[in-house]
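Two complexes follow with chain A in common, the first pairing it with chain B and the second with chain C.
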Partner chain A sequence: MEGRIAKKDPIRWLALPGIVIVALVTQIPFIATVVLSFVRWIIIRPDQGIQFVGFQNFLHVFQTKDTYVVIGNTVVIMLASLVLCTVLGTCLAIMLNRDFPGVHIVRTLIILPFFVMDAVAGIIWKTLILNPSFGFNYYISHWLGVEPIDFFGSHAIITIIMLIVWQWTPFFFLIILAGFQGIPADIVESAKVDGANAWRRLISIELPSIRNHIQVAVMLGLIFILKVFGIIYVTTTGGPGVLSSNLPFYAYRVAFNGWNVGNSAVLSVISVAITLLLIIWLYRFMNRRTGEAD
Partner chain B sequence: MVRKKIIRALLVLTAFAIGIGYSFPLIYMVLTSLKPEEEVVPPVFVFTPTWENYRTVLNENFIGFIRNSVIVTGATMVISLVLGVLAAYVIVFGGMSRKKADNLFFWFVTTNLLPAVGVVLPIYLLLKNLQLLDQHLTLILLYCGANIPLVVWMVYSFMKEVPKEILEAAYIDGSSRMYAFWKVILPLIKTGIASSALLVFVFAWNEFFFAVSFTSVNAATVPVYMSSFMTQQGLFWAKMSAISTIAVLPPVILGWLSQKTFVRGMTMGAVKG
Partner chain C sequence: MNKQWLKIVSIVIVAIMIVTGCSSGNNSSGAGNEQSGGGNNSGADNKKVSITLATVNNPDMVIMEKLAPKFKEETGIEVRFTVLPENELRNKVTADVGMGAGSFDIVTLGTYEVPFWGNNQWLEPLNPYFDNMNAEESEEYDKDDLIQPVINALSYDGTVYGLPFYAESTMMFYRKDLFEAAGLTMPEKPTWDEIYDLAVQLHNPDEGIYGICMRGLPGWGQNMFIFTQMLHTFGGKWFDMDWNPQFDSPKMRETFEFYKKLLTDAGEPSPHTVGYTECLTLMSSGKAAMWMDATVSGGTLMSGDSQVKDKIGYAMAPIVEKPYSGAVGGWALSIVSTSKHKEEAFRFLTWATSKKYVEMVGEEFGWERAPSGTRVSTYENPKYKEAAPFAEITLESINNANYEEPAVDPVPYKSSGWVSIPEYQEIGDQVGQLFGAYLAGAKSLDDMLKEAQDFTTQVMKRGGYLK
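So, the complex of A and B:
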């Protein structure tokens, strides 16, 4: 086919509208964000104008204590959610990778939270379930004879992690389940014939063969969980103080509450830089691992 | 044998209990939406269901937000689908060198993974100066930018699997590219395309960051309404639950329908290795 179609195939132009729109919405504004990170511009102080200040915004951001709290939160949220989602998702996939009457219903029940919008997930958990005066929280605590926990006050970041895990475990579950279902049946069968029990089969055959699926789930989960925003916005608004803010939310708040363009741009650049580093790091990690296997 | 059967039955019951427990907040939300407001607390599971809350919440105001969501999501779905399928077609069948095609594909995927916070500020400033904030068209354009990569990502894996020989045969028989696309490629990948479209619908319907940053009244979508609901309505939990149920129903159904394609696209790198 290569020979039949001329080298500069005019059909390529068909990809252009898509590329232009994507570049217009993602790449070009990101370049603008980088430029803005070198500018001093506080929208609500028009008298101060807009001036180029070099790395001053970066210096200021890295001299603010909140920045470190927020970066710490981002890492903690990410690591805790990833570990919990991976473990839970794998356990659920092992449990539901078999046939029993109604298995599809149970799978559906596990998957549903993934498709629920952040705003609803946050509101439902904050009111119906965890509200310390009228929610399930109160009645269960009452029944246990303990004080209801103030989930969104003193345990804000743990609660945020819990909600993220609730929303994202289905994603891990779906991918890992697909991995289990992709294992050729004859491999498992021959292990059975050789007398390997279920536990042994899981450890020596099934888990190693879904290694790639787990890696993909972790890599994509990492990148998606890094940009969590809606859940924090509707439940804790990043508080108390900045104790439950992650980088995207904090950057948003500096921009739209403080109207400090330069500082917010710096935080956005940090967010994107961390994501890019993770993408590259995991891409390499995966290549190295698959290279070993060959 | 009987013992084995009992153990199995217990395991099935446990699985159901875990599933119901996992979705409990959603189940409880639906139940609450069917209760009269004064019976919401304390939580009981036996009550006479009523549609009263749904009748109350489906007012002019909420329907306006639903209309915005439908307009924005529908337009995004159609445009992203057309442009995304075209781009995927060029990547797979455009006669590019392998390296170039891979690079273009990888570029689309990475743009989808980058956090929106990296672009929100300049877009806001631009829209404000052009007085384009709170417009349907603005949100549609932004959502297309975010979802075209998703379509490329999902549809790519289906196009890759179209056997080259069938295409060759069609060209030898003298069919045009257009004809080959409609008659050969499309029938083979139409389920992939359909569920990619549904996924775009789900993600655009649920999108929160751009919606809350760039819209307020005129073009605000359902998630924006939901987020303002907390403060406005305070403790009317039954009505809040009814609104939430309506808000999550379309994405939950469509998402459930398209989960296979979603997993397939996401795990493309895994099965290859």
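So, the complex of A and C:
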């Protein structure tokens, strides 16, 4: 009954401009990407033209060993960063959810990395801090009398995760801190009166109260961290080999170094599919946990 | 009635949005038409014309931008600059020109792109414009004064598609003071084996001195630029005469092994993260004893913040089997075929690559900053020779680069630190990544060679070179 009224409600027409804008801005580029994933278009070979090749691009991409390494990297970078950012963000929020002299200054300092642009952060870390020839890495190693660590060598992916965590923990911290500060004081007070110690209050009252905040932080973090590009571009260029490439960077390489529009579009479609699947899975997982908790 | 009204309002809003979008598009194309109208009238009145130039943010281009107002004074043509870092410039310009967006009239391109961009008909052939020059203009420009190997590298099938803004080759830079202290001498024309021995003797990482700095950063214009020259002088090649990739050949294996051995025993740490800029920093901050790279670095090492200004010696790029190793690189100015102001663009090209321009830079910014490698007359100028001690080696390297026959064996491609086919960008990038993984110890030599062979074969098949 309600549905029929809503269907007839003339107000619904006012949604039309919004729908058109959203469709133009979000869906058309995506549909264009899907269409491009079915064509063979090598920009630097205009003589070969643009041809519809069916699923040939998908076949080629899935027959390439690097694709699986890159998908694996994307998932590892995303999961490791999410877990570390959530844990660190929560710990920092717990520590700074109290009043002490200078708390505002400390909070501001912790948030700072989030305001540094990807490329700038990447160049500073690569050149000034981790560089084994003229960064802090060299001077500290020299002082300790050991070989400088090759941060961008075989374990470059760990360095990338470290930089992402450095940059994105403040985002998690901000949202989770807002959650802690929104907990009604009377609930905490009554728990205190009932004799609950700080640990019990945290586990039984505070963390369950901010579950929604953590959920929002994880969801948004997942979307942002899956898209990480600048840090990888300026620090490791996805290497060595493809050992620190994620899907967005790899799609960029295929598009702007190989000039292969079709294969790059396939990688972009895979990237969107993985993002959607992960969000659905995470959403269900969290809802189930919420249901269990309730 | 009310329902109808809301429906109409909504549709009108959507219609307005569409019309506004289209009309703004029309406005911009209208502006373009207006501009092109200006261009058509330009013969009568150049004052209204402005041309757009996309260029890299190299110091020489910054000088060009500073001098551009003089061109406007002379001709009335305004030049608008879009300045970007090298990789971004290549990407933006390729995407713009390849997809026919037509944002630029003139682009700065490397010697790699110019020939096949010309073949793709993305660039305007310059021969007709030279034919249309009157005697006075021809004499003033003096096309024969341009260094021939550079012009060859900027041509396709005898048609010129770009004029050299500055050109370069590769050479060996070394620290004279460190060589003296160690009692060593750099040969004028060193071999790679000699360089290895010298580098090992000078390598002292405890004191922060690396025996040699070489590019290891993945990229067709980074590690593969140096590697390809090394491969050719080792007697190897990328492809045989039937376009079969040669990653399974002993020479290819030997070159990769030598490159890694040199960097492992006497090179900078973490070489797969070190490109041109990083090597320049290591050399100019006194942390490297030798560096093989572009000749244009000679001027940079002598100026600015360099801590080794008076300590740099110069030698030819190392060789093995070939008598010369050098490449012909640098930057050229080309007219995009979609430009609406080709005549005006050509006037700017001939102005920025003229003898007068070289003179202007020399007098105003110092002779060591004068565009190198483009004109024979520059190298006959005593002021330039005095200011640039690396001038002789640069000229000799460019003149002997042998762009047409780059390898010891006959090969189907031309080369100057790359392979002159459009697919090389993709192949060089992928092989560069694999090489970076090999340098970092993340991949074995056998795995790298096999993956490189498979990838290159697949790209060559797709490109129609192999059946």
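Going forward, the second predicted complex is superposed on the first by the 248 of 294 C-alpha atoms of A that agree within 3 Å, B and C clash if a C-alpha of one lies under 4 Å from a C-alpha of the other, contacts with A are read in each partner's own complex, and residues count from 1 in each chain.
The rule is short, and it goes like this: a contact is a pair of C-beta atoms (placed from the backbone, for glycine too) under 8 Å apart; a residue touches a chain by one contact, two chains touch by 3 or more.
Keep in mind that this is a model prediction, so the values were computed, not measured.
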item	value
Chain B versus chain C as contact partner of A:P29, first or second or both or neither	first
First (chain B), second (chain C), both or neither touched by A:F256	both
Which of chain B and chain C A:I124 touches, first, second, both or neither	first
Partner chain(s) touched by A:W143 [first = chain B, second = chain C, both, neither]	neither
Touched partner set for A:I11, first chain B, second chain C, both or neither	both
Which superposed partner A:F134 touches (first chain B, second chain C, both, neither)	both
First, second, both or neither for A:I110, with chain B first and chain C second	first
Chain touching more of chain A, residue-wise (chain B, chain C)	B
Touched partner set for A:I44, first chain B, second chain C, both or neither	second
First (chain B), second (chain C), both or neither touched by A:G241	second
Touching both chain B and chain C, residues of chain A	11, 14, 17, 21, 126, 134, 256
Touching residues on chain B, where the partner in the complex is chain A	8, 11-12, 15-16, 18-20, 22-23, 25-26, 28-29, 32, 40-43, 83-84, 86-87, 89-91, 93-96, 104, 108, 110-111, 113-126, 141-142, 144-146, 148-149, 152, 164, 167-168, 171, 177, 202, 205-206, 208-209, 212-213, 222-224, 226-227, 229-230, 235, 237, 240-241, 244, 247-248, 251-252, 254-256, 259, 262-264, 266-267, 269-271, 273
Residue ranges of chain A in contact with chain C within the complex	10-11, 13-14, 16-17, 20-21, 42-48, 65, 126, 131-134, 138, 142, 148, 150-154, 235-243, 253, 256-260
Partner chain A, residues of chain C touching it in the complex	2-3, 6-7, 9-11, 13-14, 17, 91, 94-95, 98-99, 116, 120-122, 208, 210, 217-220, 268-270, 272-274, 278, 281-282, 285, 287, 422-423, 425-426, 429-430, 433-434, 436-437, 439-443, 451, 462-464
Residues of chain A defined as touching chain B within the complex	1-2, 4-5, 9, 11-12, 14-15, 17-19, 21-22, 24-27, 29-30, 32-33, 36, 92, 95-96, 100-103, 105-121, 123-129, 134, 136, 139, 166, 174-175, 178-179, 182, 212-213, 215-216, 220, 223-224, 226-227, 229-230, 233-234, 247-248, 251-252, 255-256, 261, 264-265, 267-269, 271-272, 275-276, 279, 286, 289-290, 293
